[in-house]
């Protein structure tokens, strides 16, 4: 057994097999991928990485396996799945994930599967230890029973770890959750997981923690601006031949920032703006409830028509006499809180958390308010755009 | 300046005047009054007292005064009001407060005013330092402007301190709130206080923290059983001449437990049950939504008719052949969340938090679910009573 | 399995047997015995009790048993020994222990053995579960192998728990130790315990933590004054027939304070002084290095001659025209740091920590400086005594 | 006033001037310089940067200025000095500092002065606000009175911040210190700073914390190996024309890692080894007490004769048939604990801490044991070298 000291969980014990996985170049790359992407531009301490988060997820998966008294093989597999669940992340985590999703239709889980199954150092280690790589990848990417629920579900080890870790490293107080209680009230129910009644408050606290972390950290407007700049610079880098989208998922934060720095023109300027934290400003913002439903549908529709999205940006830039690339639309997905499907065991009956918790019901409703549509541009031009009639561009 | 080391706020600095107040017998009594009353029977570490909580409240009042740049005299007064706001608490804090309210119609603020204004060591110290006792008592007991809001309002120093302190000493994770952000976003608005927009999430977190602490700690069913036993034993002690209600508010936890121990019969038995943690059990429980409205009104009406309340308890005991005093009704007040009236400053306009926060709106609604009506009795008799038709007793 | 929420360790799981032990009147009494005795008069939050500390010790014993992969029976026994190790404590913990030691020559371990072995609720529960009470008492009171080392030794669960707990509840920063690392580097060595090399720094940190906690908390001069007052009041209470020393070890903090309050004369006055925190002051103090060796030996010798000790106090009082009982000598034992005998495993060899750590060697030396001899009296008389020539009284 | 949320100090308030300084490219560069250099290869969470540490130092300087009631201008200056004290750090903080010191004889303070005084965005901002840059740089680099003591001395804001921050982000427990007590017991004494007697334990705890952090974190053997590899790769990069030493101090972690990656041969290999964490191993190690004094002097002498140092490395490589660059000598400076000169105010007299604290005296002595001389090489060759007679190479 080897030990790694973690800032959240203290001593984390690892088997030799797990340590071999950590020692691969594929896994070591995660050391150079910030867990919270561009959030460090808002919270200066948010420099923690996918590397330590993955180790934390393994640790929690082990604790849950112990709690559920899983057989040795399942325990081994779910820990490996936990440590590998983020192996497919690219530079700045969700920042590049959004791009890979837009352009290649890939999630980080898809990429993880690819790394685990296909000829990699990791697949070799698994096979050498008599583990079928497909078994692990199935736990990560398919909804295949309680093991996969531990990795990805309404209260998986992913979010148990990241809420606490993100709070610790940003200094934001809202991510504190009751890990002990959450883990100790989990039960296997059929082929899935459920929380027994004694854990209901802990689950509510988890959901509220996430609910409060979303606007404060995960969707902070400054980091959304930085993301929009990152998206555009990467797109232009691809257009101008500096980069191939397919390569993105193998890169780390160092690669992409360096690519920006060593480019020319627009891409280089955005790189420098990252280096010097000279970000665009919000010129125009409308919340979920401020936009007419039809208009909103058109806006969200642009997420599936990137060409038109770009055209509108360019058109606005031209209309306002701003250089191309310096007007950006920010169109987030509608926020969804997966946790809503949590099953509760009450009086030996399985019931849904939204039946048991009015608080959870309202979170479901309220989450929409966390969506907003924004236009970003240079500080000096922001005011001019603020009166834009966006509808005319959407036709 | 003197320093006291507090488990929550670290070094707390006190002026000589404040230290003189602390050094009075009236204030030292708070050392022997548990902050959370009978909660120590659920959370063994919940032994913290009104003494350290009062010092914490003073510390926070000082921080807020600094933030609001209050003039020296107001700063001095609000700190003194904060340290004295709980001087009127009796044994086990809210446990005796409920009794004083039922029988004498007194709140702990009423009693505090009495101690501060009338001839006490505290009033003498205030006068010696040129402070009108009535000025302090007005801040505590009247809604007289922003100073009184700091002491008692939707987000006063009382609950800022107790949420964090109760979490620290019980080990429950939900009381963590963002004190820094709450204090740093407070503003004076007219003659009242408001939170500016940047503090909205911190306020939501405060409200949710309290919302989660209520069932987990403040209304935990075990401590409600202990409270019901405490109420009855004290009532019987008064009836049997061991005690005078008027004396209760000068007593501490040691006095009352000792009085129980040195009594006879029922009171002695309850005292021993406290010592040995042999509590009654819940025989019957109905939540807010499980009781017909008319019945509920009758039940809650009993709070103003203690005689009838007692008669019903005795009647049930008789019907089930249980000794008098061993069937107890628990009829809590409908829960209210004062914080609902918090004012938010948004775009330089004053608005209500329930306009800005759907989460807060639902808390308001949901709090009702935290109410329940219960009947407690001895373990061996609990099952027999569980089928009781309570309506017939209410007529 | 039942769960108790602890302020330090979070969820602590207990077997039914362990819960039965907790539910005895003997164990419940620990709820009313402050862990740190009179320290609450210095650190207002220091109200935690032997009850939660005992549960914490059980929890740590379980973690160590898991780490050492002890067989089930040994694991069960060491956890029970841990939860019972303080069952013999009397009012204010070490305050009454000092008295029981002076007058009856009993340690709290002696009393614990008595409770465990002889006819008590606890011995009955043990026997009913097929456990020989003597087996448990031997682990607590004899140096009988590695199980007893877990309970009482250089780095036992007692001090692992109390350092962290006392820091948490006083607000003093020095008690933070690395529980994870301490537990994870323990090994069985022969019939004893040792720490492997990787834990050396964690052990040094433990020793330093304790070293810093001693003057800051455990031997704080104010709480030593309160202790001296407690000793004298109890002695007088015995002399005057209010109390029997043998009864002391069955009492709790409520009993003794109430006994003081309901006495007359001197004992009542001291009781009131506790209630109002009007403590004696230090009139005279000399450190270890300030007293001539021969004189020091005579002073320490008084610990075995209480009669002479009392005579000297009375003589000084008379000489300075002070009422009897209001001049007190404080003669502590020479401080000892048991941890000095910790065994370290280095390159598969057993070696002593003082060979490996110069820091530990010096702590051993330095601890003497924590000893001092003091005379306490009323504030108004303190100055007059400060010039006393103590030697003349010692002849 | 603007606010930054810090993981250690919570809300940190900044004046517009301070925010302007932060907004310069020179300061933003600190976001990309790891506080603990190569330590992230040991403690995966150690990704915090000089950026947040500098903001933390400013915050503490402000608290100390408030405590000492410094006049406005001094308060302003010492906060600016604090935020700028690390502006001269290069890639991986101390890793590049060692190289700049070896080759150019520059400390990071020298470089800071250069940046502050000479024509930079920072000097311009200072001048625009009527602040003489030389005033600030003098506080940072000269021993010019109590302001400079706040920045750099035995208990400066630098180490107060980094001990706590490094503990928080590595997960190591030893860095916990009592910031409150340290700050609240500081006093101006002549033109310097001193701690009053009440802070003695807090100072001892600070010194011990640092003492324990040195082997556990700051001189962890794995990060020393990584440093040695970094030194050699950078030296070779200079030799081969990829890099100029003078440029190093303007670079960040991204620049240097990217330079390694885009080089060829040895430098590229070391770059990849960093990426994949394939570090050299210790082939030979001798502690301070294991080496003859004469030999030790020769070894330490090599620090001033880098040419000979390199020659010996190459000679050993040749003798053992290892490729050039793959045998590295690690020759640290003798550890020094500056804190030893802390002044204590006792009974209104100034005295040295080593007079008052035997613990501190021994730390001074013991620190030597933290020095060791090591030879690192590839894993497969380590064993062969372990028997080397190093003396023969030193002649």
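Chains: A, B, C and D, in written order; residue numbering restarts at 1 for each.
Rule of thumb we're sticking to: a contact is a pair of C-beta atoms (placed from the backbone, for glycine too) under 8 Å apart; a residue touches a chain by one contact, two chains touch by 3 or more.
Just so it is clear, the model here is predicted, and its values are computed rather than measured.
The greater number of contacting C-beta pairs, out of the two interfaces B-D and B-C, is seen for B-C.
Among the remaining chains, the Cα-based centre furthest from that of chain B is the centre of D. Note on chain placement: the centre of chain B and the centre of chain C lie 34 Å apart, centres being C-alpha means.
The distance from the centre of chain C to the centre of chain D, with each centre set as the mean of the Cα atoms, comes to 42 Å. Chain centres here are Cα means. That of chain B falls 51 Å from that of chain D. In chain C, the positions touching at least two other chains are 10, 172, 181.
Those residues of chain C that touch chain B in the shared complex are 4-8, 10, 23-25, 28-29, 31-32, 40, 43-45, 47-49, 51-52, 55, 168-172, 254, 257-258, 261, 275-277. Residues of chain B touching chain D in their complex: 3, 10-11, 13, 180-181, 184.
Chain C meets chain D in the complex at residues 172-174, 176-178, 181, 201, 204-205, 208, 211-212, 215-216, 358-359, 361-363, 365-366, 369.
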